[in-house]
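Worksheet: the structure to be examined is printed underneath.
Labels A, B, C and D are assigned to the chains in the order they are written; within every chain, residues are numbered from 1.
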Amino acid sequence: MLIVMRHGATRDEVEKVISVIEEMGYQAQPMPGVQRTAVGLVGNDGRVDASRLEGLPGVHEVIHVSQPYKQVSREWKADATVVRLGGGAGGVAFGGTEVVAIAGPCSVESERQIVEAARQVKEAGAVVLRGGAWKPRSSPYSFQGLGKPGLRLLAKAREETGLLICTEAMDETGLGWVAEMADIVQIGARNMQNFSLLKVAGRCGKPVLLKRGISATVQELLLSAEYLLAEGNHDVILCERGVRGFDPATRNLFDLTAIPVVHKL
Amino acid sequence: MLIVMRHGATRDEVEKVISVIEEMGYQAQPMPGVQRTAVGLVGNDGRVDASRLEGLPGVHEVIHVSQPYKQVSREWKADATVVRLGGGAGGVAFGGTEVVAIAGPCSVESERQIVEAARQVKEAGAVVLRGGAWKPRSSPYSFQGLGKPGLRLLAKAREETGLLICTEAMDETGLGWVAEMADIVQIGARNMQNFSLLKVAGRCGKPVLLKRGISATVQELLLSAEYLLAEGNHDVILCERGVRGFDPATRNLFDLTAIPVVHKL
Amino acid sequence: MLIVMRHGATRDEVEKVISVIEEMGYQAQPMPGVQRTAVGLVGNDGRVDASRLEGLPGVHEVIHVSQPYKQVSREWKADATVVRLGGGAGGVAFGGTEVVAIAGPCSVESERQIVEAARQVKEAGAVVLRGGAWKPRSSPYSFQGLGKPGLRLLAKAREETGLLICTEAMDETGLGWVAEMADIVQIGARNMQNFSLLKVAGRCGKPVLLKRGISATVQELLLSAEYLLAEGNHDVILCERGVRGFDPATRNLFDLTAIPVVHKL
Amino acid sequence: MLIVMRHGATRDEVEKVISVIEEMGYQAQPMPGVQRTAVGLVGNDGRVDASRLEGLPGVHEVIHVSQPYKQVSREWKADATVVRLGGGAGGVAFGGTEVVAIAGPCSVESERQIVEAARQVKEAGAVVLRGGAWKPRSSPYSFQGLGKPGLRLLAKAREETGLLICTEAMDETGLGWVAEMADIVQIGARNMQNFSLLKVAGRCGKPVLLKRGISATVQELLLSAEYLLAEGNHDVILCERGVRGFDPATRNLFDLTAIPVVHKL
C-alpha cells in the first residue's frame, strides 16, 4: 500500500502517517519525490484498513498494490480450476481445454417447449440445458417464471435427453430447490452483488455459474466469486455476459478482453 | 407500439404483422414510408407482448410508445407523492417543498460512535439518521456490519436524539428486523434489482428508501419502485446516489439531471 | 417518423401537429392509443427537420424510424464494399472474405526501427504496415511523432519489404502529405468527428481507414463514414478499436458485437 | 512512480528494475511486501518514460503518482485563474466569485433571429452571446452553419446589445476568422482532442472556451487545456457540458462533481 501525500504536505503530516502505520504493526517507508512525498506501507497482508490512513491530514490518496481477493487468484492457486459435472462418458468439464456449450430458452414455459428445446440444443452440440424457472424481470407485470413446477419440467428434459441442467436462483428459498434439482446453480447478473444470496450459494453443495453484473468490474466479479470460495464452494464457473454500454445498437456490450484478464488474475 | 419493417419487406410480411396484431385484439394501422413501412398497434393498454411481433419475418424493430410502469407514473397519479414520517412537531415529509437531510456514518460501529454521530448530524440539521447494521461489501473479508445488535444501537441513538432512523436490509430475514425497528427501510444500490427482496419490502409496512443501482436507467429505477407499489407500499423514497462512470477522478458520477426527469415521469 | 403526444394532450394540440406535418409536405396519420396519441409522418425521405415538431405544445417525443445515413447503408448499396489496394500478386482486398492484417509499431522512431518492424510484421503475415509519423498524444509533453521525415521512413520500409503503408493524418496540411506518400490514410479515434478533416479526407483520392471514436455509437461511426462518401471517397475501411469502459482492468473495451451490427447496417 | 512486481518475481528481476531506474538517473527504493515487492522511483520530475520499465521481466504494473499536466495545476499556480474580458463597466470575469452566463441559440440563422435572441438573453441576465457560425454535425446532410457571414451577424448582435460573443471554430482557417471577430473562441467537445487545432488556438491571442469531450476524463480535459497554456495562452475557460452515459432518458449526463475536482486540481 502506498500513501501519497499532497503537494506541500508538512513534515509533521508525513511523520503522523508514519507513526500511524507503525501503530498498525507495519513498516513505513517514506519516498520523497520532486512533486510530492509518498509513504510505502511494507508488510501488508491484505488486512490493512485504508480508511484510517485516508483521513489523516495531508494525505492525497491511498494506492492499493495488493489485490483484495485471495482464493480466486492465481497467486493462491496457480493451476486452472476445472469444474467437473456428471460422471463417466457423459461427464462435462468447465475450465479445461474443451469448449462446452450451455444453451436453452430464456424461460421454461411448458413441458413440450422445454423438452423440444432440449432436443434441439443437444443436437446442436450443447451439453448443459439452461432455462429459467424463476426470471428476474425489470417489470413486476412481466412473466416471472413458473417457479418450482418449472424445475420439474427441467428435470423431465434432463431425463429425456441426458443433458445436465442449469437454472437461476433468485433468493434463499429458491436456491434450496435449485440446488436440490439442478446440476448447476445460476446466480444472475442482477444478483452478482447480492451477498446474502452468494453466501447461501457458497454452502449449497452444487457448482455455481456466476454471471458478471451489468457494470461490474473484473475485480468485483472476482470478489463475488471469492464469497463463494470463502464459504467452501470451489466449483465456480464465471460467465461474461456483456456489460452495459452507451450504444443502443446492441443490447449488451460483450467484453471479450475481460476473459484473458480473468484467466491471468 | 410501432412495428418497423425492414427496408424491402414484402407485402405478405406486412400483411402477416397486421393479422397478428388483429389476432391479439388490437387495431393495426400501416404507415408506408419512402424508406420502409411501419405498422402502428392502436389501443395498447401496456400488456402487449412484443416478443411475438419481434420474431415475425420482415420485422426490423418494435418501438414502445407506452411506458412499462404504471402506478409510479404521473399519468396514474398526477400529484407528487409525499411520504410522511413521525407525527406532530417532529414530523418529516419527503417529496414536499422542504429539503430534508438524512445523514450519518457508513456503518454502526459502537454505541458511543453512533450516538455521538447522531448528535452531530442533528446539530447540522439532519432529521433522519442513517448507518448500516448490515453492509453489502464487495469483499467477503471486509467488515460486514454488526447485524441485529447494530439495529439496537440505532434505536438507542433515536431515543437519545429524537432523530428518525433509516438503515439497509440485505435479505428477507434482515428486512423483517429492519422493518420492525427502523423508520425507513433502505434498499441499497446493489439490490435495486433484487426483485425477491423488493416484493418483501413492498409488504413490510414501512416506508422504503430505494437507491438507484450503479448503472440503472431511470426506467429501471421506476420499475423497481413499481415492484413496491404493486405490493401495496406507496411510501417510496427514491435516492439518486450516482452512477458508474468511466473517470476514476470521482467514485460515482452524480446524475443531477435524472432528478427532474424522474419528477416529470 | 412518429410524433408521440403527451398523455392528456388536447385535441387541438394533436390537430396542430397534423397541420404542421401537412405544411411540411408530408402526410399525417394519427394513431390514438389508450395511454397517448401518436401521429405518424408518412413519406419521410430523410430530410424532415424534427426540431420544428419537437417544439410544438403537447409533443412528448419524436421517434426516428428512418436512418440518417444513406450511402453507407445496405439499403443504398446492398453488396459489401471491397476496398482494393496494390495491383497484381501483391494486391490486398479489405471487406472481402479474406482476413488481412495491418500491423506495426505505435510510432515511427528511426529507419532501423521501422524497417526492422516491417520485416517482422511481414514475416508474421501482415500485408500493411502501420506506424505514426504524427501522434495525437493526450499530453503536449509526450513525443508527438517525427512528422514528415517519419513518412519518408515509412516509404523506405515499404520499399524494403513490399508492404503497403497506413499512417495517421491529424490536420489538413498533414493529410495532404499522407495522401501523397501512404497507401491508406488513417483518421484516428480522437478525430472521428473532426468533420473538417473528414471532408478533406473525402477528397484526398486515397482509401481511408476510419477508427471508431472512443465513445462513438455505431450510428455516429457510420455518419462519419458518410462524410467521406458524400465527398466522393467510397474506399472507406472501418476500424473497431474498442470503446471507453468503466473498468480499469483493460485499456479499451473491444466491442466485438459492433462488427456484425455494422455489417448488417 | 511505483513499479509493482509480479507475485513470485525473482530477486534478479527486482535487481534489474533497480538498475534500470538508476541508469535513468533516479533513485530506486525497494519495498518488499507479503504478496509482492514494489520498487519506488524517487525524484520523478514528470519526465520519466514508464514504457521502459513496463516491459521489464517480472513487472506487474507501473503506478503514476505524479500528474502529467503542469501549468494548469494548482501546484504550478496556486491561485485561481480569472479570465477578464471587455473593459470598464461592461467587463466580465470568468473564474472569480461571480457566476456569469453565456447563452444563445444553437446556430446563427439570420440577422433577425440572432439579434432578437441576443436581446432576450441579455434581458435574462447573460453577458456573453453564443451561437454557431460553424456547427459540427454528426450528419453531413444536417445544416452546417452559415460560416463567415454568421460571424458578421454575431458582430452585429454585439453592436446592438453590447454583449460579448463566443463562437466555435472547427479548423485552422475558421479559427483565424473567429479569433479576429469573436471575444471568445470555442473549441467544441468533439474537438477537445484535436491537438492540431488546440495548438493553433493556443497562439490565437483570444480567450478560449474549451468544452469537455463527451467521454473525456478530467485528466484528459486538463491535458487539453495544457496544450493551450503550453503555447502561451493562459486565458482558458473550461466547460463541463455533460458526458455520454448509458441512459437514453437524458441526452448528456451532467457531471456536477467534476467541477470541484477540476477546481481542486
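What we mean here is this: a residue touches a chain if its C-beta (ideal position, glycine included) is under 8 Å from a C-beta of that chain, and two chains touch if they have at least 3 such contacts.
Here the structure is a predicted model, which is why all the values come from computation and not from measurement.
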_Chains contacting each of chain A and chain B, listed by label_ = C, D
*Using CA atom averages as chain centres, what separation in Å is found between chain B and chain C?*
37
*Whole-Å distance, chain C centre to chain D centre, using C-alpha means?*
24
*So which stretches of chain A touch two or more other chains?*
46, 215, 219, 244-246, 248
*Answer with line, ring, star, complete or other to describe the graph linking chains that touch.*
complete
*For chain D, which residues count as touching chain A in their complex?*
2, 4, 7-8, 29, 31-36, 38, 40, 42-46, 63, 65-67, 74-75, 215, 244-246, 248
*Using the touch definition up top, name the residues of chain A that touch chain B in the complex.*
46-47, 68-70, 136-141, 144, 170-172, 174, 190-191, 193-197, 214-215, 219-220, 223-224, 226-227, 230, 244
*Could you please specify the touching residues of chain B with respect to chain D in the complex?*
215, 217-219, 242-243, 245-250, 252-258, 261
